[in-house]
Each structure stands twice: as C-alpha cells, then as structure tokens.
Amino acid sequence: MCLAIPGKITTIESKYDGLVQVAKVSFGGIIKEASLEMVPHAKVDDYVLVHVGVAISVVDEAEARQTFKYLEQMGEVAEELNIHGFLPDQKEYS
Amino acid sequence: MCLAIPGKITTIESKYDGLVQVAKVSFGGIIKEASLEMVPHAKVDDYVLVHVGVAISVVDEAEARQTFKYLEQMGEVAEELNIHGFLPDQKEYS
Amino acid sequence: MQLQCPMPKLDFEVITLGHGSGGLLTNRLLDSGVFEVLKNDILDKRHDGATLNLSGPTAFTTDSFVISPIFFPGGNIGELAVNGTVNDLAMCGALPEYLSLSFILEEGLPVKQFWEVLVGVKVACELAGVQVVTGDTKVVEKGKGDKVFINTTGVGRLHPRAQIDVNRVQPGDQIIVSGQLATHGMAIMSVREGLEFETTIESDSCNLNHAVRALLDAFGPDIHLLRDPTRGGVATVLTEIARDTGLGVNLQQRQLPIDPQVAGACEMLGLDPLYVANEGLFIAVVAAEKADEALAMMREQPYCENAAIIGEVTTDHPRKTVLTSSIGGKRVVNMLTGEQLPRIC
Amino acid sequence: MQLQCPMPKLDFEVITLGHGSGGLLTNRLLDSGVFEVLKNDILDKRHDGATLNLSGPTAFTTDSFVISPIFFPGGNIGELAVNGTVNDLAMCGALPEYLSLSFILEEGLPVKQFWEVLVGVKVACELAGVQVVTGDTKVVEKGKGDKVFINTTGVGRLHPRAQIDVNRVQPGDQIIVSGQLATHGMAIMSVREGLEFETTIESDSCNLNHAVRALLDAFGPDIHLLRDPTRGGVATVLTEIARDTGLGVNLQQRQLPIDPQVAGACEMLGLDPLYVANEGLFIAVVAAEKADEALAMMREQPYCENAAIIGEVTTDHPRKTVLTSSIGGKRVVNMLTGEQLPRIC
Amino acid sequence: MKFLSEYRDPEVARQYLDEIRKTITRPWTIMEVCGGQTHSLVKNGILDMLPDEVRMVHGPGCPVCVTPLNLIDKAVYLAEEKNVILCSFGDMLRVPGSEKSLLEAKANGADIRILYSPLEAVNIARDNPDREVVFFAVGFETTAPANALSVVHADRYELKNYSILTSHVLVPPAIEAVMDDEATQIEGFLAAGHVCTIMGISEYYPLVDKYKVPIVVTGFEPVDLLQGILMTVKQLENGEHKLENQYARMVRPEGNPHAIKTLEEVFDITDRMWRGIGVIPGSGYELKAKYAAYDARLKFDVNIPEAPESDSCIAGEVMKGIKKPFECPNFGKACKPETPLGAPMVSSEGACAAYYHFSGMLEELETVQP
Amino acid sequence: MKFLSEYRDPEVARQYLDEIRKTITRPWTIMEVCGGQTHSLVKNGILDMLPDEVRMVHGPGCPVCVTPLNLIDKAVYLAEEKNVILCSFGDMLRVPGSEKSLLEAKANGADIRILYSPLEAVNIARDNPDREVVFFAVGFETTAPANALSVVHADRYELKNYSILTSHVLVPPAIEAVMDDEATQIEGFLAAGHVCTIMGISEYYPLVDKYKVPIVVTGFEPVDLLQGILMTVKQLENGEHKLENQYARMVRPEGNPHAIKTLEEVFDITDRMWRGIGVIPGSGYELKAKYAAYDARLKFDVNIPEAPESDSCIAGEVMKGIKKPFECPNFGKACKPETPLGAPMVSSEGACAAYYHFSGMLEELETVQP
C-alpha cells in the first residue's frame, strides 16, 4: 500500500553537518527532495522509489525488464513492441 | 479635556455581589452602562456626566440655568427665548 | 419583510473547503441553496455567465461587502449587498435590473447563517425588483476570511429622463439628503466588541431605486447629481462634489436630519455623523427652482420621510465645503482622514 | 509581457483600514494607484458606476479570486482575475469588453504587492483587449482576509455566430481540450507550505478570448458548447455536461494532454489531474464533422498549441462520463467530492 | 439632548458674542487649556466669530498629543513582541511612534483592541486568563479615576494578567510651565471643566495669585466657551484676577471626593515627560508601590531607547500658546494628520490637527484631494 | 516516466490478459491486500477486463481506513483542545471521527497542516519552538520507517515539542486474520509490493505454508497487477502454493536493512485495533520506552471514550473479502464518501470508496448530481 513512485537522482548533498544525505529526485522533470537515509548506497542517476519524502529502494533495472521477459519466455511478446523504451509522457497519464 | 456627556439615569443595579453600582444611562434614547462608583448618591432620573464608562458628576439643574440667567442678569436675554426648553434633537447636531 | 424560506435538509452543518472546490459539494450547496432560493429563468441556465438582452446606455457598478458582524440590527450582509449595488445603479440614474452575486465564505461558517444571508438577498431583490442572474461561490480557509464577503455587480438601463453628471451641477443647486444621517454606521458600531450599547440602533439599509425613479420621472434633467454617502459619509461625498465641480458647497449643520439615539451614540463615542457610513441614504443635487417641490415629493417616497435640504452649491469658496455650525460659525469640511476611531478626548 | 509601471511614491508602505474608509486615504490609493494604472475614459468619470453603450444579447459573468499565494510561478492574482472573467465571457460565446474590479485587501498588505497585482490586472486587460470601467476597494482587518481577494465581473456582446447552448450538444460531438491539463492547479500546489517542490511549475493562466473568437468566426454554430474547467477540473465539467444534456461522455485517458512535470507532481501527491483546477484551458464541444478542422485551427491559436480531442458525446451511457484507461479498461468518472487532498496511500 | 442642546443655541451664542464685543476695549490673549475646548472652538467656527481683540491661544491639554513617543513605542513593543492584548482608547491608535503607530502594529497583526472604557479591559482580562491584557492608560485628571478604577477592579477579582501602561498628566503643573516660559503672552485662562469635575477648583487659587491671571473654569459647548471668554474678558477689562466657575452645573468647588479618594488610593504624583514640552515636575501619576503588580512597565521588561523628535516641529511653542499652528513652516505641508511631525497634529484635539481639519484659514491646503 | 509508463502499456496489458484467459480453467478467488492495488484495479478498469473466473476481493490494506475512530477523536482533541499544530497526510483529514473529521476541526479553526512528509513536521517543530507539534503517524510497514525517522531526527535535534500519534499496522497478521475467518473463500494473495520493499519477503513463507495459498508480491501499475494475477492463477491451476515476487525491481528478498534497523530502533510490536476488524495481536508498532517522550499519547492527557461504530456497516466482511462493497445495503445510499458509515468508504483506497468513485457498476448511484 502507500503511494510510492520511482524518480531519478539528479544530485546528492549532505545536510545538518553531514548527518543526513538528501537527494534531489526528478519525477518527469519535477524535482523533490528525498532523504537517502534508507538507501545510503544510492548514486546520482540511480532511480529510487520515494515514499513520503524518503527513498526506500533503488530500482533494479535488470529486474525491471523481467516483467516483459516473462511474457517473452512464454513466447508471447511480439518483437516489435519495444517495451523497453518509454511512451511519451503526454499520452499515458491520468 | 476628555469627552464627557450628560445622560439620564434610567435604572440602577448592583453587580458583582453588590460590590459595584451600575446605571443604565440614556443619551438621547441610546442606553449605555456606566459605573456609579464615583457618584454613589446618584438616583434614577438624575442626569450624570459620563466619561469612559464612569459617571463623574451629577448635573446640578439649578446651576445649569445660570448660564442663561447670567445674560438675564445683564439684562440681555429677551423673555421669549425660552432657553430652558430643548431644541429638537434633529436640528442641533453634528 | 421576511419570506417563508425553510432551510433544506443538508448533509453538512458548516461550510468546508470542499464547498468551494467546484465539485459535488459546491453543486449541492448551489442546487439546494442558491439556485433554489434565487430561482429565475436566466439563473437556471447555469452557464459560466448569463445572457441578457440590454440595449442603449446601461449602468454597470460593483461593490464588495465586508461588513462585520454579518447580522446586525435591522438587516444582514445579504440585504446590504443587494441594496448597495441597487442604490449605486440608482445613483447613476439607472433602473436596476440584473445582479451578479459572488460569495467568499469562510470555512466553518454555519450553513444556517449562509441560508439566512441568502434569504436576505432574496428579500432585498424582491423589494428592489431585481434578479440575480449569475454568481460564484468560493470558500477560504478558517482565519483567511470573515464569515461572509459578498460582491454584487449590477446592470440597469439608464432612466430615459436621467441626466446625472457631475458637470451639470450649478451654483445655486440645492443639496437634498433623503433621510437621517449616520444610522447605518452607528447600528454597526453599536454592536462592535468593546463599544456595545444596551439598546440597539437599527440599520436603515434599504433600496432607493423606487424613490430615485419617482424623482427622475417627475424632475428628469433637474436632478443634476445623485450620490449615496456610504463609506466616508456625507462629508466625503460633498467634498468630492466640490473637488469634481470646482464649485463650493455650503452645508447647514442645523438642517442635518439625525435620529436622537444616533446623535447620542455619536456624542458618546466622539464621532462626527458627517463622516459615519450610511446605507439607505442618498444625496440629490437639484436645480434651485425645483428643490422645494422635489423635497416635498421625496418625503412621500419609501424610506425618505425625513428628507431635508442640507445645503447648496455656491461659487463663494471654490473646491471647498463649508459648514455653518449650529451657532452660526463657519468651518471647512474635509474628507475623512483614515478610519474613524472612537475618541475619548 | 511586463509593462514599465514604476510605483508612485506614497506616504504609506502598508495598507491600513483607513484605505478602505472611503475617505482621503482611499482616494489617494485610488488616485495614484488604480485610476492611474488602469486609466480609460469611462473609469475617469469616477461615478458610482460606469455607463456603457451596449446593444443586443450581452453576456454577464462574475468570479471572485481567492488564490493563495497571490504571486505564483507564472502569474499573480491580478492577471488571474482578469483572465478568469474574460474566459467565462468567452465560454458564453461573447466578446469580452468591460470589467468591474473589486478588491478586498487585508490590513498590512505591502503597498508594493498591491501595485504588482494592479500591474498584473493592467497587463492582462491589455492582452485580452478589455477595459476596467468601474471598481471598488475594501480593506478588512488583519486576519480577516488573505492579502488580496479580487472580484471581477464582465460584460461583452455575444459573438454574432455563437450558438453556445448545452441543449445543442449532440451524440457524436467531439470534445476538444485547448491545452495541457492541471498545469495551473499544480503550479499553485507546488508552492504550498509542506508540499513544495524544488522546481516550479509555471501557471498557464491566460486569456482565451482570442482563440474562442477565431473558433467562432470559423465554425460558428458548429461549436455547440464551451466550458473552462477551472475548479473541479476537466472531470467536473464533463460530468456537468453529461448531467445537463442527459447524454453520455466518453473520455480517452491516453488522449489527455499533460506536461511531464505536471504528471510527475500529480503522481507524487496522489492527485488525479482530471480533478485539478485549470486556468487558461477550455473545452469545446464541436460537431463531429468539423472536429478535426477545428482542432487544426485551434492549434494555431495562442496558448492552444497542445489542443487535443479527448473524447466524444455518446448515447451509450446516459448521464455518465466513462473513461477508457491507458490500458483500455473503462470506469465511471464522477464529480469531485470535497476538496482534493494529497494522498499518501 | 438635555444639558447639551441648550448650550448650542445660536441666539444665546449671539447674545454672548454681542456682550463680549460690548465689553472688550483692547486685545487680550486667552488660553483655553483643554484640547476638547480647542476642538469645540474650531469645529463650531467660534474663533472667526469672536471679535479680533480676543486672541485665543491653544494649550497643551490633549493627553493623546502629549503622550511621549517612547511610551507609544513601548505600547507597540508590548503588543508585537510580548503577545499581549493591548487595549486602548481609539484616538491613541493613530499616533505615530518612532517606528510605527498602534494602528500600523494592528495592521501587522498585533492584537490591539479599541475600547470605550478601561473597565472593559478588565473584562477582557477575565475572559482571557491565558493572555496578558495591558490597558494603555492615558489621560488627564478626568480619565485617571476610571483608569484607577480598572486597577481596583482587577485587584478585587485577583486578576494576575491585567496591567496598565500609564501616561497620566496633570493640568495645574502644565499651566505653571506655560506661564513660566518667558515668551508667554497669556493674560487669562479657560480652565478645563471636566478636569475640575474631578479635582475641584482649589488647585487654581495659588495660580491666580502667583501669575496674577484670571482663570475661569469652563465647559465645552459653544455657549459655555463664549460665557467663559466673556467672564475672562470682564476680569481683564476690570483689572481683576479671580478664579471663577462657569461650569458649576458639573463642577463642585471641592470636586468629586470619591474620585479623589480613588486617585489617592491608586496613584502617586510623579514627574512626567510631556511630548513637545519636556519633563514637568510633579505633573503626572504613577501606580503606588502596593499596585506595582499592575504596572505594565514593571511587569514586562520593556527597554526601548528614546527616539528623537522632529527638530523642525515647533510643538512646544504651539502648546504653550506662543505660536499658532499655521505659523509652523511644516503645517499642512510636511506635517498632516496622516503624517504628523509632532504632537499637536496627532489627535483631532491637538491644536495643529484641529486647525488642519476645520479651520477656514486653510486656503493653501489640500482641503480635498485633487 | 521511466519505470512507470512501461507498466501502463495497453499492448502488454492485453497480452497478460490473454495469457490469464488462456491459463484459467475455473473460478479462483484472489485477494489483493493493499488499498493502493484496489485503487489501481478499479481506477484502470481492470476488474471488468479480467475474465469472470478471476474473482478479485479487496483486502484491509488501507491504513487510513483501518485507523480506529477513537484515534481520530484523539487527533481532533489534540488539535482543538491542546492548541497543538497537528500535522497529517492529506487523506487522513476527511475520515470522520465520532463527532467530526480533522477537516471539520480545521474548518472550525484548529491548526491542522497537510504534509507530504513526516520529516516536514520536524521542521515545523523546529520553526515553532513555542508550539507543540504532533504528527499523526499512520501507515503500514512502508510508511513506518519515515515516521520513525522523524522521531530519530527530532531526537537528534533535541526537540522537546515534537511527538507522534501512532497508528501503525502490519500486513502479515492481517493476512492471518483474514484467513482465520471461517467465512473466507480466498485462494490466493497479491501481497503488497511497497510493504515488502521495506520488510522483504521472508515473513510470507510461513503464511504460504500455514494456509497453503499462493502469495505473489506484486506492484501497483496495471501490468504489475496483471502479471501478479497471472502468476497466482498459474500456481492455483498447477495446485501449487509458493511465494513469488513479481515486483523484484523494487523488492529485495531481504527488504531494506536500513529501514528495518530504524524500525527496530524506534518501535516495539504491539497488539493493534483495526477499524472494522477488531484487535489483531502483534499487528502494530508503538514507540519504544526510550522514545516515550515523543509519544503523543503519553505526552498529552488524552482520554477519549470509545465511540461505537455504525452497526449496519459490514466493513469487516468487506475488508476480509467476504463481501463486495455493493453487497452492503448502505453502499451509495446512506454511505457515501462525503458521509461514510464505515472504514472502507473513507479513503479513496478503501474498497467501498474505490467502487463508489470509479466502478462501472454504479447504475443506481448519483454519478452526477441532478
């Protein structure tokens, strides 16, 4: 449960005398600050899952492809689908 | 200095377990409460001079006429002036 | 006059932000509240705006009403908002026809109070003979408003005989006030915290359009100017006339009609009734030769029984209003500086 | 566009109650502020109202603007107040001409901020080609308002070819939205305390009257309905259309134009862009056979480059709006219940 | 209204004016001490009605005007910094402090309430036990008993959250200060009727003797003022200097003993700074030690530096009757009620403000805004 | 947006649907535990797209819905009576307490602030040292680390004016409660992906063994849900009951060790009352004794009597998947999002509210106001 969405780390900085690492995370271009205290190993350009201002997981890109490979493995995915790219943002939302 | 106007006591009551006497005072018909602590001898129908919610003097009606008698004594007041009556309130104000 | 308008049963007792969200709650409030009470063919269309058939010269005026308290002796903010704009239209020499009505409600307002205000709007519209044809409702957070603010904006065709124009004011013109000064302002003041009286003064807020119409029917172009001395009072309107005409105004203190209670309240608080706000009062600047006749007929109009000639226009002291005091002295009357505050000394 | 409008030197730095008293301070604020900035022949008359020459069917609409903060990325409340009413007139199929402008200022407002809002009004009026012809200024005590509230009420003649009427909506009609959804609402949300983003979203508040005029010039009666989906968002407007026509609306999620940043902000806060407020956006319901042509010409109008067909009117599910989701599922779209609040779960 | 309307009668006023004209043979300079009298003279257009020989000059008797800048700064400080409910009479609110007026502090969010009576402030303190309530207690002898009474009430109810910020001033020392100024040309006084309602008239016998000037205790209505002026002129023409009481309908010779007792119970006499004039010895009241708990100055740690007054303001000379307001180069130009440079422009009872608002001499002023 | 858009692709969704249709041979009842998943299923119209054989039932996984009435009353009380700045996530505000919701308390003047993050609440406490700041800390395992972190931050800054009112609930005990109900017909579970991001998957092995049901840890996007359903159906058709992880891009088997460490540092496991269900043993978090100073319940003397729930609400059955929302006689009639009778109608993630807002089954409801 609990709304969490993946975004890309653009910068990382220390706050409060180095006590806390925080990242600027981009969600479709909009930037929000997130605490990295739960994912101290996260790096710039990583995608992190952010929930209520705290990054709680680093996206595993290889695993992310599995959802599409799962069907492929079952011989179901047409090659031309190009699911690894992104759909234009305008078209996918609401 | 200090704005004070005369009004007529319509009722007197005790407040705070009889500690304080307060009067309802009418100024041209509008009623405002005033403390009688400075004029404990004031009675209903007396005119009192009220300043910031406190009655500070009981009008001496005989003395009030003196302003008009003063001129009379100097032989200056025409008899027909009837200054002891009141001018209609509508006409005298601003 | 108070119409029978039982409040509908609603799911909510106080106004919340959701009622201003534009969504379902807004629609419910409007459906069972505003639209129901103010029902008319144009309003029923419920578009983003109303479509009116207007032709020829049309007056257009706006006012926002922010009075506190919203219920006061003799009225409420709803009546006031209708009367204020109806009267401003009348002051243009127009026949008020249509109003817009826009609410800014504070979160937490009891719906019952909103209902009473709405009924005030309805009653005042019926008395004035105008229709609310379009509106808006916003809700602001608690502490970001003051229960109810109302904007009304009105349109109405000019009376065919009206030639209201400050440039038509002539030396010798008589200044008629339609009733007693300062009643409304002191009605509000008398219920303010820290200043309350034991007796209440009733506001004389009312619609003046029927009286103005009668005046224009009878005297047309001899009515040179109409003004309602609301905020800033009679003094401010007269100084504005002096400023805008370049002529002088003579004012007679002894002619100013004022209720004894209101006078008493003003004395007590050290307020000058010339500067106290009015609603339900207007000033007509009338050609000298028609002034007595106009006064006589005004006194027969609703809400105008205390009408009086209080002064005249003069060339004597250009751009100035000069008051002759009750003992016959003269002094200049200026515009109100800042807000009127009760004096003690 | 930002005009060169240097602020006049005034004796005061903040607005006090005296500026709303109707007296001298009110006059100063108006003289050196409002009247100077918004100068035009009608306003210069300074009567209780303006006199306009109107003829034929005229649209009349009102809105109060209570946005917080009053300055936001991409605009301020002054621009918004002009655009909002200009757009509501346009939605009636009218050509906006005249506005009234009524301020409710909170005591303590820096005069400089008032000035900036005024300049916003002026700029927006010039862009839209409308005039402020009458107005009002009230000041409320600190804590009884929220810096600036503005009511604008507008009038304008109907476009001669306009036949905007909810009853003209037909099955098969295409629903065109003039630009990207939710931009304005998220621009405001993104600067709210506790929800701030590091980057700002710029409001797309703008005047739509020129685009609407071009559309009506070209397509006249084939434009069946115009609506601006402000509070309550696109969802509320579409459900209102379904309610008022008795027809159904089909909506395609994948067709909804939305800026990626705005989409990101909505995802983060758990808000549905269909319910987020817009300014600078309109919905046109267009006869099926003209829809593609209308879309093509709309895309050439100012502020409409992202216009898109997002759905159509249908007899399938009377009185309901049904959305086809991005994966092809269907669900009902209802009116917004209450205020939209950010979700976490 | 009875006891008010009669004293605004034009016919009686005309007769008094005639009598003054008949009596006077040469110019006399008379000061009305009280701002309320100044207000009434100007508002009723009396100055222009008087024969030229009567030269009225206007005294320092406006308590709002003479309240020191520093005290206003203190009131603002309490309201803004100490989260106090500051209660005040309405006319104090517009008076500028060195940085801002109470009205501006209120505009910026301070909780400042306008009251008709100090007794209301005690009620507010009772209704708000979690807040500190401070009453800004200004005034001459007329107002001091009411302010004192508020302390007595607070004490009776054992309120711990009520205090007053006092700026009480006294009339007789001010008359002495005026007469002791070597530039003074004053030959007679209208003493302030309402002050004498409280204090009686005996304080003025020594002054009559010391300065050899007539003093007439006078009321506030037009006819009162005209009678007071006539009585003063008569004495002057007769070469007399007596204490007379025009206002006997309100003023007993002994004053109001209950009020005096209350004052003695609550206050001590102290030196006091008068804005525009300076410190006058023994010219004010402060709370007695036994009521120290109700003294806002002691209760709160208020330490505001003295701010300088405008040096182009001639308030001292105006308030001592040496110069008229329109003789000040700032009058109506840099100095207006909205932007006063000095004390007498701040309240409508101040001489400069009274002239500004009502006087027919304002040919050059912005009577209305162009 | 990357890692979001791909999982909303209609073609991939179609293929998963086809595969489900090909795989399934008989009806299966599957519960998605999480309200976020319910919301996504309904909002994307997936329920109607699935073959009839897939019977989705909706779990108790909406933390807003299961927060007890009494706790909402406490939050209202703190905000109204204790002059507290009460901070909360937005979706808690509309939930009715026994007398009013936080939104209504706010409408009546309480200082209630909607935040995106509990860490913001700590900043508010730092900026308002004179006020007490209470964060209403609701949530499942996903949210608990952030709430715990706020306490760690407050402790680090030595804030004395920050506390949290906790209502943390845990998923595995809820699954047990659902399965232990004798009326249950559930044959498989989609476990909540974001919860497992924190806790990992090991907690679910005992459940798979105990109840012999497939459990598939699943994400929230349409394609995630379809894949999770397919994986569950496959197990069911094959007679298997395994723990699988559809959401491996976010969920490590071991979870997030930093988050778990923070939870262990700050919280103890406790019995917890679930609105609509009752007390579930070991199903919640409370602050450890060492952080007692940050526990709003201990810090403030809050003693609110338990209010009775509506007895015509069948929330317990709905949240255990025994009945569908529209099988409740109140649904859409007496019970609507504006006037909810029970837990699942209060948040848009509650099953009743999700159905009310989005479902195509609402033939009889007021979809738009006439």
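Chains here go by letter, A, B, C, D, E and F, matching the order in which they are written, and residues are numbered from 1 within each.
One rule holds for everything that comes next: a residue touches a chain if its C-beta (ideal position, glycine included) is under 8 Å from a C-beta of that chain, and two chains touch if they have at least 3 such contacts.
Each chain and its UniProt protein: A, B = Hydrogenase assembly protein HypC; C, D = Hydrogenase; E, F = Hydrogenase formation protein HupD.
The model shown is predicted, which means the values in this text are computed figures rather than measured ones.
A.B. asks: Taking contact as defined at the start, I'd like the list of chains shared as neighbours by chain D and chain E.
C.D. replies: C
A.B. asks: Figure out the least number of contact steps between chain B and chain F, where 1 means they touch directly.
C.D. replies: Step count on the best path from chain B to chain F: 2.
A.B. asks: By the touch criterion stated at the start, how many steps lie between chain E and chain F on the shortest route?
C.D. replies: 2
A.B. asks: By mean C-alpha coordinates, which chain is most distant from chain B?
C.D. replies: A
A.B. asks: Counting C-beta pairs in contact, which chain pair ranks first?
C.D. replies: So the pair of chains linked by the most contacts is C-D.
A.B. asks: Let me have the rounded angstrom distance from the C-alpha centre of chain A over to the C-alpha centre of chain D, please.
C.D. replies: Each chain reduced to its C-alpha mean, chain A and chain D end up 35 Å apart.
A.B. asks: For chain A and chain B, what's the span in angstrom between their mean Cα positions?
C.D. replies: One centre to the other, that is 83 Å.
A.B. asks: List, in ascending order, every residue of chain F touching at least 2 other chains.
C.D. replies: 1, 4, 8-9, 35-36, 62-63, 89, 103, 116, 120, 139-140, 142-143, 223, 338, 349, 369 - these are the residues of chain F that touch more than one other chain.
A.B. asks: If I count partner chains per residue in chain C, which residues reach a count of at least 2?
C.D. replies: In chain C, residues 16-18, 24-25, 27, 141, 143, 240, 254, 260, 263-264, 267-268, 270, 323, 325-326, 334-335, 337-339, 343-345 touch at least two other chains, as defined above.
A.B. asks: Where does chain A touch two or more other chains at once, residue-wise?
C.D. replies: In chain A, 1-3, 5, 7, 27-28, 32, 51-52, 89, 92 touch at least two other chains.
A.B. asks: Which of the chains touch, listed as pairs?
C.D. replies: A-D, A-F, B-C, B-E, C-D, C-E, C-F, D-E, D-F
A.B. asks: Quick check on the complex: what are the chain C residues that touch chain E?
C.D. replies: Touching chain E from chain C are residues 193-195, 239-240, 242-243, 254, 260, 263-264, 267-270, 319-332, 334-335, 337-339, 341-345.
A.B. asks: What residues of chain B sit close enough to touch chain C in their complex?
C.D. replies: Within the complex, chain B touches chain C at residues 1-3, 5, 7, 24, 26-33, 50-52, 89-94.
A.B. asks: For a test of understanding, state which residues of chain D touch chain E in their complex under the given definition.
C.D. replies: For this pair, the touching residues of chain D are 11-12, 14-18, 24-25, 27-28, 31, 107-108, 141-143.
A.B. asks: Going by the contact rule at the top, pick out the chain D residues touching chain A in the complex.
C.D. replies: Residues 180-181, 190, 197-199, 201, 253-268, 270, 272-274, 306, 323, 325-326, 343-345 of chain D touch chain A in their complex.
A.B. asks: Of all residues in chain A, which touch chain F in the complex?
C.D. replies: 1-8, 16, 19-20, 27-28, 32, 35, 37-40, 47, 49, 51-54, 56-57, 59-61, 63-64, 66-68, 70-71, 74, 76-77, 81, 83-84, 86-87, 89, 92
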